[in-house]
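Below you will find the structure I want to go over with you.
Chain nomenclature is as follows: A, B and C, assigned in order of appearance, with residue numbering initiated at 1 for each chain independently.
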Amino acid sequence: MLLRIFIGSTDKVDHKVLCESIVFKAKEAGLKGATVLKGILGFGASSVIHSYKFWEVTEKVPTLIEIVDDEEKILSFYETIRPTLELMQYGCLVTTERLNVLLYKSGQKRMFDS
Amino acid sequence: MLLRIFIGSTDKVDHKVLCESIVFKAKEAGLKGATVLKGILGFGASSVIHSYKFWEVTEKVPTLIEIVDDEEKILSFYETIRPTLELMQYGCLVTTERLNVLLYKSGQKRMFDS
Amino acid sequence: MLLRIFIGSTDKVDHKVLCESIVFKAKEAGLKGATVLKGILGFGASSVIHSYKFWEVTEKVPTLIEIVDDEEKILSFYETIRPTLELMQYGCLVTTERLNVLLYKSGQKRMFDS
């Protein structure tokens, strides 16, 4: 199952960047992997597009966290982060999709951190 | 339902950048949210890979627009942008996927535009 | 069908950057298109998060290759790159998803390479 969490890049919780916090928790929870993709443009649940302002280069851009693992692990992980997401003052969107895993291979080296 | 539109970052329609135009229309149509992701590499429907040139840093990169909403709204929105996409001189790819929404939360602040 | 390959941006095979190599092979195999998205953060199969180091700006970030085509073509293409992925010393994740193609349009110009 694929878990996708759409948040803002500057959203914070307890003074920590939310997307980093979620990736750390995913790691702690022993999930297979997580990838954070940064968007260049977008709007969310309650966004209002203001002229010009919307296209200005700001630090706030949509951010997408993708986590792949078994359904049970994904849903159990989601329950641990749900209170945080629900209490935030920011909007967010969380979706799941079913997929097939063709290959999941552990590397001899660490993969995404050097 | 998840709508995904693969276009080029420099594709334009009526002198406007296509991906911005689509995001604006999605906002006008009252869709839940849109996220634009910029790729670093790729090829599309009619692209020919030329030696070196392909890897050069150009402004044209693949761009992916993701929009999540109910099937009915998505398909209705797609019909409004389809003529534009079909008339363009550029290639594009539009796909839909079914997904489950675990959480859709409005923020007290605007989400992706500061 | 959507094929997604999660690898590291610096993973190499035969002294070539893996993600470029895969995109070239996808082009050679006549697939409809490929898009490479670069992540900003993440961890994979065997990654260990080290304090600080994980958040340092390094060249190694998660990279996601997305390829859309018919199931038969996708699986046949996957078989051609599977030995490479399996022999690598790096971890990776390969998934497939079913999707509907609403529009696949060839451009009069090349799409992603200028």
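For this structure, a couple of remarks:
FYI, a residue touches a chain if its C-beta (ideal position, glycine included) is under 8 Å from a C-beta of that chain, and two chains touch if they have at least 3 such contacts.
Here the structure is a predicted model, which means the values were calculated and not measured.
Interface subunit B/subunit C: under half of the residue numbers present appear on both copies, so the contact uses mostly different residues. Relative orientation of subunit A and subunit B, expressed as the C-alpha superposition rotation angle, is 120° to the nearest 5. One inter-chain figure worth recording: subunit B and subunit C are separated by 19 Å, centre to centre, where each centre is the mean of the chain's CA atoms. Multi-chain contact residues of subunit A (touching two or more other chains) are listed as 37-38, 97. On the side of subunit A, the complex with subunit C involves touching residues 2, 19-20, 23-24, 26-27, 32-38, 63, 66, 68, 97-114.
Residues of subunit C touching subunit A in their complex: 4, 6, 8, 10, 37-50, 53-56, 58-62, 64, 78, 82, 85-86, 88-97.
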